[in-house]
Amino acid sequence: MIKVAIVGGTGYTGVELLRLLTAHPQVELTAITSRALAGTPVAELFPSLRGHCDLAFCEPDPEQLGACDLVFFATPHGVAQAQVPALIERGVRVIDLSADFRLQDIPTWEQWYGQQHAAPELAQQAVYGLPEVNRADIAGAQLLACPGCYPTAIQLGWIPLLEAGLVDPEQLIASAASGASGAGRQGKTELLLAENSDNFRAYAASGHRHLPEIEQGLRRVQPDGSRAPRVTFVPHLLPMVRGIHATLFAKLQSSESTQELQQLFESRYRDEAFVDVLPVGSHPQTRSVRGTNMCRISVMQPQGRDTVLVLSVIDNLAKGASAQAVQSMNIMFGLNETLGLESPALLP
Amino acid sequence: MIKVAIVGGTGYTGVELLRLLTAHPQVELTAITSRALAGTPVAELFPSLRGHCDLAFCEPDPEQLGACDLVFFATPHGVAQAQVPALIERGVRVIDLSADFRLQDIPTWEQWYGQQHAAPELAQQAVYGLPEVNRADIAGAQLLACPGCYPTAIQLGWIPLLEAGLVDPEQLIASAASGASGAGRQGKTELLLAENSDNFRAYAASGHRHLPEIEQGLRRVQPDGSRAPRVTFVPHLLPMVRGIHATLFAKLQSSESTQELQQLFESRYRDEAFVDVLPVGSHPQTRSVRGTNMCRISVMQPQGRDTVLVLSVIDNLAKGASAQAVQSMNIMFGLNETLGLESPALLP
Amino acid sequence: MIKVAIVGGTGYTGVELLRLLTAHPQVELTAITSRALAGTPVAELFPSLRGHCDLAFCEPDPEQLGACDLVFFATPHGVAQAQVPALIERGVRVIDLSADFRLQDIPTWEQWYGQQHAAPELAQQAVYGLPEVNRADIAGAQLLACPGCYPTAIQLGWIPLLEAGLVDPEQLIASAASGASGAGRQGKTELLLAENSDNFRAYAASGHRHLPEIEQGLRRVQPDGSRAPRVTFVPHLLPMVRGIHATLFAKLQSSESTQELQQLFESRYRDEAFVDVLPVGSHPQTRSVRGTNMCRISVMQPQGRDTVLVLSVIDNLAKGASAQAVQSMNIMFGLNETLGLESPALLP
Amino acid sequence: MIKVAIVGGTGYTGVELLRLLTAHPQVELTAITSRALAGTPVAELFPSLRGHCDLAFCEPDPEQLGACDLVFFATPHGVAQAQVPALIERGVRVIDLSADFRLQDIPTWEQWYGQQHAAPELAQQAVYGLPEVNRADIAGAQLLACPGCYPTAIQLGWIPLLEAGLVDPEQLIASAASGASGAGRQGKTELLLAENSDNFRAYAASGHRHLPEIEQGLRRVQPDGSRAPRVTFVPHLLPMVRGIHATLFAKLQSSESTQELQQLFESRYRDEAFVDVLPVGSHPQTRSVRGTNMCRISVMQPQGRDTVLVLSVIDNLAKGASAQAVQSMNIMFGLNETLGLESPALLP
């Protein structure tokens, strides 16, 4: 059994981790911290966990965390970089669901997050936790940076095309939309049901923090990596709870048929348990992955022109955060990669 | 392994059964029938099942069904009563999720469903599948009638009060609301998203088919059973997918304190894995049971007056249909009652 | 033209007032106050008003307010009672949309709102603004207390029965549900879309502040008024923006036929522009009154038993708040009661 | 008063026309036809119109329609082209909300709609009813083809850029999303609330019928019109009722600053009552135009790169259909263009 603790469990990635870890056959959950709610039973905050989790939130205790095999951080950015170094020193492995260790270029991180990075050297060591790209590195990682939700959906959608050098990396366009759980559990007027139900809007269109992560990830998968990808990325807020849908446009550099594109995607993801390439002509639906670690993808070539369209859906809290973290945990600890992640989506 | 078939799997109770049975460790799913879609892969209709179910819908074949240990009917009313007798004769056990065998009084059934009952003698043998009331009978059932969604939420809410004789059975009021999946997967204008989103309405307030089932069930649990319960039952349609919320009012016949009521409920359901009595002062939320077989219940006494209020929530497709059917299957086949039904709710 | 100001215009009743008053042919809107947003253009906060309202929020200025014919208060409770006395003294008429002057019994008010009332004598003078009950008093009111949303839907549903003495006033049961806009525009976790979409729950079931207002109103309309009504009132939160649906149960004291009940309602509301009694067998939908001052009502007698069921719907921000305030304004200033309130509902 | 009839009033564009026309001060509504519902009062189908419309649906009667000044067609494609010629001959003016007369190239129409066009010569005479582009022609039109919903939002978003020749017309990308009312009122499984709530998906991504209309419209506004625009257009279905949001990407051919782009848009639409260019940095919300004839637009240049991003929102049933039809009617009959279209949006 892996001894596990969660730092910062009162948000949506926290409760999703709890849902998955309490049911995981190889995990012993020993602590879940929250300064604000220390002493409150977890199941009081999240009644869905009544009968599944007997823990109460507790103050973070270095001794307790240090005695774990693995600590998840489900905290706002800035927290993990302050607390992780001490854990790493003690030999504890860490999976950080926040943005703290996703970017390797520290000035870029500091520019987008508006603060100094507290552990720049660790950022260099951190392994980016997208198993479909760097499974081997994940296996040996001590510090794992779990990808953002948009970056997961978008990278998985474009990776086959960029690896094969089929599209112009400087003309990438991503129009993506997320359910409101992606914006977190904090009480903000702009996230109220009364503000967002029967409503749709873009946000942060002039620059979203996931942009540099997307461009970093796409750069790595190119055959030579010399051309810096340029992505126009527009996120939107959907009047629903869970799900990310990425609508991805790229310019073909050579003439490929729809069949060839389909085969490229199918062959790229043949051995991936959590990426499902849909048949030609399908449109993936976010509900088809609700609550699961799946990414479902369609590729098409509208009107037979030179723009290749990829549609990619994930659950923002699952493959976009907590379930992908569990997938990486499975890899890090030599377990079957799908352990605890086998349930089909809840549909309808 | 239990050899199982599903008759009529293209509706929402069908896909929910598939979600649960494909993940059930003791079930071998051998066939799922649909005349209209025979030949179509199940996962084409329900993309959430891609990778989980390789079956295609097939024509119902008496030989194939007859070779099963258990056949589920997830069909509109009228279908099971025509096909079940032949299966029963062959010794196959049957769980019917439709209304065909829920009422033991045949004239009542015929009045509410507007047609002649095709197997009235079987209706007498059928066991009503509410494990919290008649677990022992379920264990030995050959034909099990799975309760309706509203009747499950409502009976579980009132059973402790009626068993204890604390309330007037002739003054029962149930105001209940269901997510739209309760109305089925048929294309009807009145069920469109454009008709129901940002909208709320009652329906069938002058008489819903679940009323006689509710009254029949409540009659049985009374200490003497002599007084026929009279329920005013008003169902409503919620602008959401899953969940039933029952708001139940009854008149106390003696003076009980809130504490005594709370203790009554806690003690009644202490050994039930799927009924959760919330702490005093709580309000159950439908999402806290989403996708699960749980019923969560609160009991209170507003203003300390003589009306006792019970709030009861279930997932209409799970405890209100398919998961409850699996619970009964577990009992019928001597398995652990919670097998395959352990996952926490998807929240948010 | 009536010179009008609004105190506290940043909430939902505020923006709804602005929507109605900017289009009202007899109103000159001179000021809208907000300490927090003073200086911010109204249309910046509410882009729906771009091109319709050129005002900016301003600090409340006693001189400016004192020069108005009418001041609306769209503030949290406690604010109006502090500021209204000075305006009344200057001869300004006031319509208060908050709860400050709805209850005439001050100890009751203080008990439910947990604070001392700052203007108890004014509470006695205040006219309760339900035109269908006390239109004549409204015409001469200097201080008008606009009813709450639930109390409006519930009183209009029961008034015909209580006026006629047909039902037992001590056995009234109201199960009601509101869209999330009823809970206001403040950023609270429990009002997030991610917490409430695809979810339904009761709240404040052991006692909601609208209860004493409902019981006060129902007492007044009884033929003798001697029996204090006792209402069990359970509010619920709907996963939608606008609309209140009240499901009302009462016990008939004599035997009335459905036809007689229908006629009673039709005759009671024949001359009311904003109460619409639906044909026998109908179920009102909240969307059928969206954005309007209408209340639509159905009355029925399920199973021909002795419980009379009334279904009543309003738009919580319109007939439940701002549009009803405008209706009262029209009466107070001798205008046609429907002026500025004629638009049909937005459906779908 | 303009004598008006509506052919085919049982769909959403029909009820929206009724909402607007019953409140229009210069319109006398004389008939609304529906073969299927002939005899049924309009207000029975659409309870929002109780008290606003006393008409019943009637069989289409050539004499009655022929006696009108104006007939609206709110029918599926194929109907208007069969019935319009007779009306035109009698001198009746016609506004067709269907797709029948939107495309001037008949082979293109026949290819996309899969049937022979019944009145190709009329298609040549028909005026395309986008007032912001061809107001003068609309004034004199006898037969007006009302634009589609997506084409309205998309053309208004791109027109300033194409007129000014600033972007490459062959690299246009439109990712757009519509509320479910855009798909009509027919009972189809794929439009159920239970299928679409908490779900998001693209559809018809390989080719939607609005594509040729968009490309036709964009071709016309170019300075020389010689380069055929090529648009990649991906529509999506939103879990909400009303609203279209278009996210538009184009490649700048010269270097413009954000300020210059903003000025271009503001100057282009300065005199348009129904196009609102938002301040720099804003993101339009669909709810800000709900129920209105407004189009709200933002323009930006993410990361200062060479892709110009335009966000454009309309109400698909209003500016995307019925309200735009009324706007054209106002122009055709010499009325103030905004008559009957002045109400602010319903927000929240």
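Letters A, B, C and D name the chains as they come in the text, with residue numbers starting at 1 for each one.
Note that in this section a residue touches a chain if its C-beta (ideal position, glycine included) is under 8 Å from a C-beta of that chain, and two chains touch if they have at least 3 such contacts.
Here's who's who by UniProt: A, B, C, D = N-acetyl-gamma-glutamyl-phosphate reductase.
Quick caveat, the model's predicted, so the values are computed rather than measured.
**Student:** Taking contacts as defined above, which has more of them, A-D or A-C?
**Tutor:** Pair with the higher count of C-beta contacts: A-D.
**Student:** Of all chains present, which has the mean Cα position farthest from that of chain D?
**Tutor:** B
**Student:** Between chain C and chain D, what's the gap in Å when you average each chain's C-alpha atoms?
**Tutor:** Using C-alpha averages as centres, the distance is 36 Å.
**Student:** Distance between chain A and chain C based on Cα centroids, please, to the nearest Å.
**Tutor:** 45
**Student:** Could you state the distance in Å from the CA-based centre of chain A to that of chain D?
**Tutor:** Centre separation, chain A to chain D: 39 Å.
**Student:** For chain D, give me the residues that contact two or more of the other chains.
**Tutor:** Where chain D meets two or more other chains at a single residue, that happens at 12, 179, 181, 194-195, 197-198, 239-242, 284-285, 287, 290, 348.
**Student:** Show which residues of chain D lie in contact with chain B when the two form their complex.
**Tutor:** 12, 179-181, 183, 185-198, 239-241
**Student:** Per the contact definition, I'd like the list of chain B residues that touch chain C in the complex.
**Tutor:** 171, 173, 175, 177, 179, 194-195, 197-203, 205-207, 211, 230, 232-234, 236, 238-243, 245, 247, 249, 251, 281, 283-287, 290, 298, 300-303, 305, 307, 309, 311, 313, 348
**Student:** Which of the residues in chain C come into contact with chain D in the complex?
**Tutor:** Going by the criterion above, the answer is residues 12, 15, 19, 22-23, 46-52, 181, 185, 197-198, 241-242, 276, 278, 282, 284-285, 287-291, 294, 296, 317, 342-348.
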